[in-house]
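Next up is a structure, given as structure tokens.
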């Protein structure tokens, strides 16, 4: 591995890791369902970047792109479904507060 | 007569018992069947007497064989049993008339006879125990048929004897193990340390059967409720015969007890205490049957003491006393039965002046009472003298106990005779008549034998008793009656008479002649406690058992609590803890997952 | 030069993400997501992945943002007073996100784990179209399945809510 | 033949609910028939077995799970005793259970239980032994909770869980044997172990299972609690079969198959002694009729363990005899208790009394059976008790046998206490009748068998003798 | 013709959604039944034509599918459980339009599951797991009950976390292997077995799968999703979905891609043991029928993972066998819960009691299922637990063996309490009108019970011929 490549890997890796942290932080801390989904999207961004990075470092940008594209599509569907769920919750609760959906416990 | 005939003493009563059950609905037939069976067995016993027979059948295995052995000793006991069985059945023919439980009484009586015969004949310890312990059932049945309250006494008797029999079972197991055989005639060993243990357990069985202290307390209780012939039959005669027979067997044949052995001392101590304590209780009784029953205990003491001396003279005395006691005591119980039957009560308060109403009964009573008190020339006198002599040789203290016992025996019988047969005729007894002939006959016969055995005491001694010990043991021993002792005895008896007269004078009635002892300063407390059963080993035992069972119950509950309390609670505690951790907040779950991931990574990457 | 550009882009990427999280208004948040997505697109270009970048731009920055914005529109709008309250609450739980990010950045910059595995040989086929359409049919099929699922999801989850 | 013995009741049980739809009588007779078939076949098989052969029938799958049925003297003895008592109990059930609902289930479970028992007895493979063991556990669980009241079901659950606890430990023990020898088959284990003995861990684990099933301290409390079951069931479980399973397995494994460390020849008697004493004490204190008898069972099981664990000839023979005599007598006691309970609707002995007037046959049968349990001659219990104690004495465990002696004392006391309080004394209430003919006949038969077992001791003893001649683990 | 497992459901969905309105709605059920039954058929009878015949459809695709014995077992379970779920769905979902959607989603989920167990690529694995997951999200939520939505949302979030972890891992492995196929990843893992990155990647992938499979402490979503999903979906979800997407993947990856590896095995064993205990304890205090079953599911999955971590061939056989058994008896229990819930209108066990007399079939099958779960012979669950414990014992993991075996007591405890509260006891007045559930529920219950009993009884017969060969997937 060339030195440049290592630096790129390191830089992008750290940045993606930071975004991962942001995403997880959001998932844990937020009380808004929609923002939780946005946090999910942020996480996906970081992961996408990781995959592209991996393809770039190994010279397999083709494969990585193929994976990333698939990933993006899947995540969109997930978000759509999740949004559907959130909207249904909203129609019940008239709220998107996370704390309103802690009925199932114990 | 072939070997098979040895089975007859067992089979005949059994068949008789079955017959009694079968014919019970035909009026009068049951008595006939019972009498027939006892007559047959008496005849068999007489024919078997003097023979030596062995018989064995395959049985349970493991050392348990159905081995019977007829020899001098067993033949003698067999004979005695048959005589008593016959006489008491005869007596019952009249006594039991009109009582609902008659059938069962005959049934049990015959089975008991069979069991006793079997136990006596058995030459295998287990077989003997089989018959021996089998008596428990008939004992229970015979007491329990006596009425509503009788079952309590029956239970008590059953528990005491049952426990002692179990002890004997243990003793037998130990003996069999030590001796390597179960055949009684082959066992002959000196009691070592384990052997002593075995001996003690066997002895418990033997003396409990004989009714010695401390296994006696069921007898007075049973006396109140059980049918009187039962008392005459089992505690007074058969069980004494059996118990002392076995005691003699273990201390003479199976274990070579010698004079220096501590077991001998133990036996003598038990004997002495039994004599004294029981007679003291007898002295104050105010019930015909109860008084007799205490004497039934007291007299055992002489036999145990006699055998315990380990001296030929003592042993002979003990065995002779055994047969004598069986005679006079059953006679006494039978007189009691007659009184009960005729006067309707046995309470001395309500009796009195029966001598004129029932002269024959009274005479029989006199003979038997004189005999038990050791008045010469009745049989009791001679056997007691032998025991005295043996006791004296082993220690003056034992002799003293024996003589003192004799004194109180005489005193109590004077009291009994006085209050029951002499004195004023109470109103209730106005119409009392003499008992029926069938009841009188056995009494008369027994009383006669008492006199015969007394006057011609050499006949039973040399024919029945001495052969039991065998020539070697007797070698060099002559049973000349010691004149000094006779004098002392006579003095003692006279003392008893004087005492009685004196007591009657100060208290004013025969019944209360012993009351001053009863209420004497120290004795008062002891008697009070005794009457409240403070000293009853049974009650003490039950208290101990109570403590044990309470403890056991607590342990049991504690164990149960481990399952029902501790485990369940612990599981629910954990469960609730875990459940309350699931708050429904997904952020928490994410945190768990991430922490879990960290842990997983730590483990996975540790090895790098 | 490229490196500095990359660093700037990466910082933007992270800051975009942080801002997305920190802002109180959901609408801003959605815009922040779109922005982050756009930065990611540029980053992908930088990493020689133009096709994926285009996809990212169109799908994530476009479609997903649209979805979010319409969702936010569908749900209840917050009033100004509520907003103040919400901001307080949010700040209570989010105020140290930037600190965490900065601290993590410092820590991660200091920790340098060398690449301790062998990199693979250069690939035989590196054409994304070939790979997608010729080599990974199963993935394609999976995607189709997922899209179908999405369709059914929309049908079941959205359709009736209009009836309500 | 062996397959028939096991599978006739096992599969036949499932036809009973169907038969029950047709007619109750048919179902009852079928149930009895299945048990009788097993009984007759067992008797038939006993001829060759007691002449020294062993009968094996196996389905070999070429793996460790070969299904092997194996009949030696021990198995035939146990099977015969079980089948005999089961037949009587089922006969009794005709009268008893006809008052209640869910009869189909009852007969299904009882016959299934019996089938499981037969399977267990003849099983030559530890895994199948465990399998049948659990079948008995399941069926007894359903039977204990038969009346469906909450408390009853809870008790049933407790019984199931405690026995399951033991049995899974036992399973681990089996697995440990498997690891040691490489097989689950008894014959193979025997030859693999040779003269070496079983690891102590395995022995302890198996023992845990045995103790739980045989309701021995400290795993015994489920048994008294299980007294809520219908009386024939308690008789079946407590007296005749279930608790004997543990004992049987003990005999089968520790006497007939393995040799275990010397330690266990002391440890097991000690456990048994404590168990016998504690439960006898509990029997004195408790006031529930069936619980007392159940505690008595726990206590008597201690004697059986004593006999088996000391391992000498007379002890083992005594224990086997004990299994038989105790099964008959205790079964009789429970069935009598069932009659009392059904006719008075009371189980508290302090509230009963004087029943001998109204139900004389039951009372006498109860007394006779009690005598047998106490060990009074001429009842069968006498011989077994003596032989066990003699065995203990011969092995030198003097103190332990003295403890058992105390246990025997207590037995006498508490059984008489029960008899007095239930059947003697004041008549507390009127209108109580004797049980139905079927029930009374059953208890009378058991009582008479107890008596006959003692008087004709020659035959049972021969039976036992030929059984133990095939057991190698016995110290001669 | 492995591709048919994936392609046929596709075709079915396409055909169902042709604009033929009324016809297709009725056909949907039969399509589902035919597909699942056909799947069971080809696995059991192994028709040569099917397995070795030329793959006409597959010729147009490069799918790289591969079926070994492990996959067979999974295909069998998938077929059976899907079959049951479809029947239950037909019975419990009243609205015909919803039912149609349900059928379609089940078929999609079938595609996902079949794909998952046949594929040979890490990234494809992710995709197909997502197919399953997304269809499950919708299935859970599709009746729009608030609690169900909550469950679905939690599932979505946790599942997303799982995918993030898995994809992160895929990206790292991609760097190391240059490819995502199992074989190249396995080779790369082997080559750089001491690499921090690779081990990190393995760790987080495993964690992702733990979340999917609901191992403690990654299980937070599971009770909510299981207990709140509509009855038919619970059957599918508990019976097979998480088993395929989580447990199957763990088995596959840990044995032939990431492993065998001692520290990985240690992780698996710890997670398994913790799941067993925590799951069992948590289930004990539940009063909701389905929630108890959900925790029970966690506990049972723990056995599988524990055995997996043990790593010997026998242990793996036990794990797979238990996986199969568990999918049968757990879906049976959920079918029963569906029956009870449908008839009483509640899943709170405290409000039930005495249902056994009214619902004899449900009672009997539930009895079988719970005994099997608790590992009571002669039912199937016993044998698999037995194999697992034997394997643990033989490998010297005595403590784990004891944990496994003693937890089955707790299992028995809570299932007994379930049975007592639901089926035994005295029927309350409110429930007098309860009747046995309809054919659609009773029939699958009976089928599943028959399988459990049948497998249990015939175990010694099939041990050599069917059970041991499961282990053949080990290299």
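Letters A, B, C, D and E name the chains as they come in the text, with residue numbers starting at 1 for each one.
Here, a contact is a pair of C-beta atoms (placed from the backbone, for glycine too) under 8 Å apart; a residue touches a chain by one contact, two chains touch by 3 or more.
The shown structure was predicted, so the numbers you read here are calculated from the model rather than taken from an experiment.
The set of chains in contact with chain B as well as chain E comprises A, D.
Listed here as common contacts of chain B and chain D: E.
Note on connectivity: the fewest chain-to-chain touch steps from chain B to chain C number 2.
Put simply, the chain nearest the middle, going by average C-alpha positions, is D. Taking each chain's centre as the mean of its C-alpha atoms, chain A lies 6 Å from chain C. Rounded to whole angstrom units, the spacing between the C-alpha centres of chain C and chain D is 71. With each centre defined as the average position of its C-alpha atoms, the distance from chain A to chain B rounds to 97 Å. Centre to centre, using the average C-alpha position, chain D and chain E are separated by 42 Å. Among the residues of chain D, none is in touch with two or more other chains.
For chain E, residues touching at least two other chains, in rising order: 123, 127, 130, 134, 137-138, 141, 144, 150, 153-154, 157, 161, 175, 178-179, 194-196, 223-224, 285-286, 413.
Among the residues of chain C, those touching two or more other chains are numbered 115, 119-120, 123, 136, 139, 142-143, 146, 149-150, 153, 156-157. Here the chains touching each other pair up as A-B, A-C, A-E, B-D, B-E, C-E, D-E. Only residues 3, 6-7, 10-11, 13-14, 17-18, 20-21, 26, 29-30, 33, 36-37, 40, 43-44, 47-49, 51-52, 55-56, 59-60, 63-64, 67-68, 71-72, 74-76, 89, 93-94, 97, 100-101, 104-105, 108-109, 112, 115, 119-120, 122-123, 125-128, 130-132, 136, 139, 142-143, 146-147, 149-150, 153-154, 156-158, 161, 164 of chain C touch chain A when the two sit together in their complex.
Against chain D, in their complex, chain B makes its touches with residues 58-64, 126, 129-131, 133-134, 136-137, 151-152, 155, 158-159, 162-163, 166-167, 169-170, 172-174, 176-177, 194, 197, 542, 545-546, 548-553, 555-556, 559-560, 562-564.
In the complex of the two chains, the chain B residues touching chain E come out as 571-572, 574-576, 578-579, 582, 584, 586, 588-590, 592-597, 600-601, 603-608. Chain contact summary for the complex, chain D toward chain E: residues 59, 61-63, 65-67, 127, 130-131, 134-135, 137-138, 145, 148-150, 153-154, 157, 160-161, 164-165, 168-169, 171-172, 175-176, 178-179.
Those residues of chain E lying in contact with chain C across their complex are 6, 10, 13, 61-65, 98, 101, 104-105, 108, 111-112, 115, 119, 121, 123-124, 127-128, 130-131, 134-135, 137-138, 141-142, 144, 175-179, 184, 188, 191-192, 194-198.
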